[in-house]
Amino acid sequence: MSNPIRVGLVGCGYWGPNLARNLHQIPQTELAACCDPDPRALGKMRMLYPHAITTPEHRDLFTDPDIEAVVIATPARTHYALAREALEAGKHVLVEKPLAMGSRQAEALIALADERRRVLMVGHIFEYHPAVRKIKSLIDEGELGQVYYIYSTRVNLGRVQSDINALWSIAPHDISILIYLLGTMPQSVSARGGTFLNGVVEDVVFLVLSFPGGMLGHVHASWLDPSKVRRMTVVGSRRMAVYDDVADEGKIKIYDKGVYRKGEDIYGEFQYRVHSGDIAIPRLDMAEPLRIECVHFAECVRQGRRPQTDGANGLRVVRVLEAAQASLEQGGTTVSLTV
Amino acid sequence: MSNPIRVGLVGCGYWGPNLARNLHQIPQTELAACCDPDPRALGKMRMLYPHAITTPEHRDLFTDPDIEAVVIATPARTHYALAREALEAGKHVLVEKPLAMGSRQAEALIALADERRRVLMVGHIFEYHPAVRKIKSLIDEGELGQVYYIYSTRVNLGRVQSDINALWSIAPHDISILIYLLGTMPQSVSARGGTFLNGVVEDVVFLVLSFPGGMLGHVHASWLDPSKVRRMTVVGSRRMAVYDDVADEGKIKIYDKGVYRKGEDIYGEFQYRVHSGDIAIPRLDMAEPLRIECVHFAECVRQGRRPQTDGANGLRVVRVLEAAQASLEQGGTTVSLTV
Amino acid sequence: MSNPIRVGLVGCGYWGPNLARNLHQIPQTELAACCDPDPRALGKMRMLYPHAITTPEHRDLFTDPDIEAVVIATPARTHYALAREALEAGKHVLVEKPLAMGSRQAEALIALADERRRVLMVGHIFEYHPAVRKIKSLIDEGELGQVYYIYSTRVNLGRVQSDINALWSIAPHDISILIYLLGTMPQSVSARGGTFLNGVVEDVVFLVLSFPGGMLGHVHASWLDPSKVRRMTVVGSRRMAVYDDVADEGKIKIYDKGVYRKGEDIYGEFQYRVHSGDIAIPRLDMAEPLRIECVHFAECVRQGRRPQTDGANGLRVVRVLEAAQASLEQGGTTVSLTV
Amino acid sequence: MSNPIRVGLVGCGYWGPNLARNLHQIPQTELAACCDPDPRALGKMRMLYPHAITTPEHRDLFTDPDIEAVVIATPARTHYALAREALEAGKHVLVEKPLAMGSRQAEALIALADERRRVLMVGHIFEYHPAVRKIKSLIDEGELGQVYYIYSTRVNLGRVQSDINALWSIAPHDISILIYLLGTMPQSVSARGGTFLNGVVEDVVFLVLSFPGGMLGHVHASWLDPSKVRRMTVVGSRRMAVYDDVADEGKIKIYDKGVYRKGEDIYGEFQYRVHSGDIAIPRLDMAEPLRIECVHFAECVRQGRRPQTDGANGLRVVRVLEAAQASLEQGGTTVSLTV
């Protein structure tokens, strides 16, 4: 095996420590440096990883010739500027979601990465989750039949933010999963929400996404909820599947359930037969998704490959977020995404 | 106690047998007659209640002078005509939800009942449910603080209908509960859905209701879902409550959870403190809601009282349904309800 | 179809009303008469089944020539005397569990039924439960491999009794299921318990049953528990199964789990490989077990067949109960059942 | 704060890595050295903690004058010899449960630690668990009334062992908790089990413990079970509590449930009233129990204090295990523990 990639981590607050742990543990990378303006966050990193350089200045990382790659886990509004600066410094970049706060910025990052021949990857972690990948394969192999609709609930109490709303903070996960599972962009999106805490940013957001062929997506994202729920239901014509990320015993349930048309009755109305059969809980190889993501980043850097969640992938999510934000601001009107 | 009220039941299909059982069991009523065009449904009634008259003709009930009151549990599209005919025949009427398929019809029924001095009641059963009433008292007593939003999921596999959509078939329950809990009509409503099975009626519907003061309601209703879910979450500023109608151990959970503003940080941004405390599962006196509803109907008939879910109550729900239907047909635009 | 069998029910307290409902609803029987010394219990029966004769005197039923069969749902200590009297009066008899409070009495009833050529059946309802039958077929078809052990928890709060203990009141269900599933009598049994409430009868009982071939059974029965649990786990060499009677979604889970010997390590110690695969929740046709039981009784009466839970079946359970009672009284010593 | 205590860890297999992580993370200790005969286990430690010495020879640690304390997480049969050697070398010792495989050995360790004035602590981790401590305070403050009985289920699939049985491997946790909660030793114990996998060591064990005053304990321990269950139920005269270590939402549920004597009925039999009230899920400060344990060990070393789970505590558990083992070998006879 080649030498581990020396990685610098920018942002050691909420999510950064998880990245640090994985970058330290996998053999493909070495956690070479950590950066955060908060001395307490930095102190924790120094204690856990005494070998790593710690600095409050991200430029110290970007100018360090021994650091090949940078992982950015800072507040969303700083993603674009930091990623641009890192790419300009010649670093490979893994940036947390969302890639940027606008599609223009996302496009600029893509162009820059292409120009500099550097890896640009977005941390859409659920595309690396064994459960999501299993659902993807069930759909692709036709196990669920034609997909009718998918709805997702991602709510919790906490991580209240005052600079970005629940749409930009939480829903990128669901949008990323929906595009991945259905293999296509939505044609339009509408969004409604409530700004209960500070009257400015939405704490709760409901999204409706229209996909080609009549497929529907619905997302409920909130940081103002009594329970932690991370559940996604895929309703297909043949079978239905539920992916519950906090389930004790098997994160995926496949229901052999469907509704079939029996033909018309004497009045010409359609009659339906409901079929309700077995439930299967497939075994999943439960590697930690973040570990899979970090290994994938390292392999793309080492082999010059394009990541699954590359800049274009991140741009697609940003475009949906932009359209949803526009809908939110217009009181829920449907915003088209067709180019 | 006065003599039991002799009641005739029209419609012995899906829900009718539950009404029959309660009308037979409570001392305030006597199940005097059953009517259904389907001989098999009628045969079952005859076997269970050999004392009751059975007939395929509802007019036999309406013209029977010994029958004081009529309960209508037929397909929704027939509610108006049957209720009108029963009122015109001088009967007190309990009609299943929705009261009618339009507000004009609902208004006509209200006027007719007033004119004939007969009880007109709608079967909005959840207003008689001990769990919903408990939530109502928690809200009214300020236990939850200011209500921010309520969301409801009422999904299942089955009861696929081809003449009315999931909005008119399922969502009346949630709309009735929301108006009851919040004590006010919504100001506007928007709806999106999918017509997956027959391309005509929505199998799945998502509603957003805007209430005065910024309160939000969200309803997800579907007959095309792998699991039976009947869950409603009330998020208040002080506490949060979940009412799960299929929970094993206590249908209501009260979470001593909230988010409080700590003041601004040095950059002028709001800081929040998340409080996560005990959970309480209050004991409920679990009488069957349908029994409570039937007893209430009998008492209103006997005492000339106005039911909690009277015609005006039923009309309010129909008006929201109409607005939501209009939104559905317009692709989800927000439809105002302020008159 | 032949005429329904006219059945008299003795005992309309706790369980009797469920029997009454089923005897009334199935076409094979007619609930002809109800008997209970408590006028309130009798009044409820009269209201629900106005056609049925009601009487406080069981002899009225036994001497009624129009009554062919008698169902006995009285306190356990009266089962023997009432069943004997009914058989002597020429009635077919379905008696609730346990068949009697001792094996001598059970044997006497069997002999009497044989002599009078009457059906004697015990209400070991779980042998008619689709979930238990499914587990039985999984075992018989080798799906679980060799059965190692089965443990059962049947606890709840309530039905506190002061004349019989939890062993005789609750555990007959589990003993009946264990003998049915394993197809053999236990060789020995030991029992421990606690007499917390009145110092005389056990509120809580733990049983260990040794079956041929080293198979083990364990039963925990109690009426002094915070939660209603009715769960049985079957651990086999190839797969494991859990039957949870209060589960929402599928009462049976089959775990493709097992432990296999890998061979000896260098020190001569056995090494094991744990296999943890998919989980399957098979669909069950969920007819009400009590309805299946009542239909079976009626068919045995009409066709002169021997019921699955005949007198001999009831005797086996009584013999285990007797041995367990002896163990309880001796402080938990193992009591042999081999004759 | 004084300098961190330099700790050497012996045993880096199953549980050792968790100890290593905590010893590394808490400021009171420094993970100075790791020892394991398996080079792969040692390699992992070296990667995660590059500052720590790694060696396959425990004597390297015991003879290192810079190491003040030793943590022993090796197979149970080696606990005694290693702990003795460490104490003789003048080290403070934290040894995993069980303290030793016999009470003589445990007594010898206690004497040696006293003689050398060194801390001897056993890793009975659940005495440091916030949920167990909460239950303890509920009992001590009389919230549950008089404790009738406690039963515990600790089962899982995996960690199959061939040198010690499930009694010695799993049940020490439950025995430790029971003695802690009830504040007294059991007077006698009986045990039954099954040796399904290798015919020698019990994979499944059922224990019954008799405590003073008629209190009963029951333990079900197994490594041959389809589900991971770690549940303990405390039934008191006033309230009941369930501690479920794998529960999503609150590990403790307190049931306001009880059974009260109403007086005698006309036949002189006791009548009972079942009270079933609210359920409370108290909030727990969920620090990691192992972290609390490690901090406690460090504080005892630094301050010369006696740990909560000192040698005497460990000896009590070993004495119960010895008695249970004797009962197992005698087919389940009750073995007295009175000295």
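A, B, C and D label the chains in the order they appear, each numbered from 1.
In the analysis below, a residue touches a chain if its C-beta (ideal position, glycine included) is under 8 Å from a C-beta of that chain, and two chains touch if they have at least 3 such contacts.
All values reported here derive from a predicted model rather than from experimental measurement.
Between chain B and chain C, the least number of touching-chain steps is 1. Chain centres here are means of the Cα atoms, and by that rule the chain farthest away from chain C is A.
In this assembly, the C-alpha centroid of chain A lies 41 Å from the C-alpha centroid of chain D. Between chain A and chain C, the centres computed from C-alpha atoms are 53 Å apart. Within chain B, residues 227, 249, 276 each touch two or more of the remaining chains. Taken together, the chain B residues at the contact with chain C in this complex read 24-25, 27, 47-48, 50-51, 227-228, 246, 248-249. Note for the complex: chain B touches chain A at residues 148-149, 151, 157-158, 160, 162-163, 190, 192, 194-198, 203-204, 206, 208, 214, 216, 218, 220, 224-227, 233, 235, 237, 240-242, 253, 255, 257, 259, 261, 269-272, 274, 276, 331-334. By the touch criterion stated above, chain B contacts chain D in their complex at residues 249-250, 256, 276-283.
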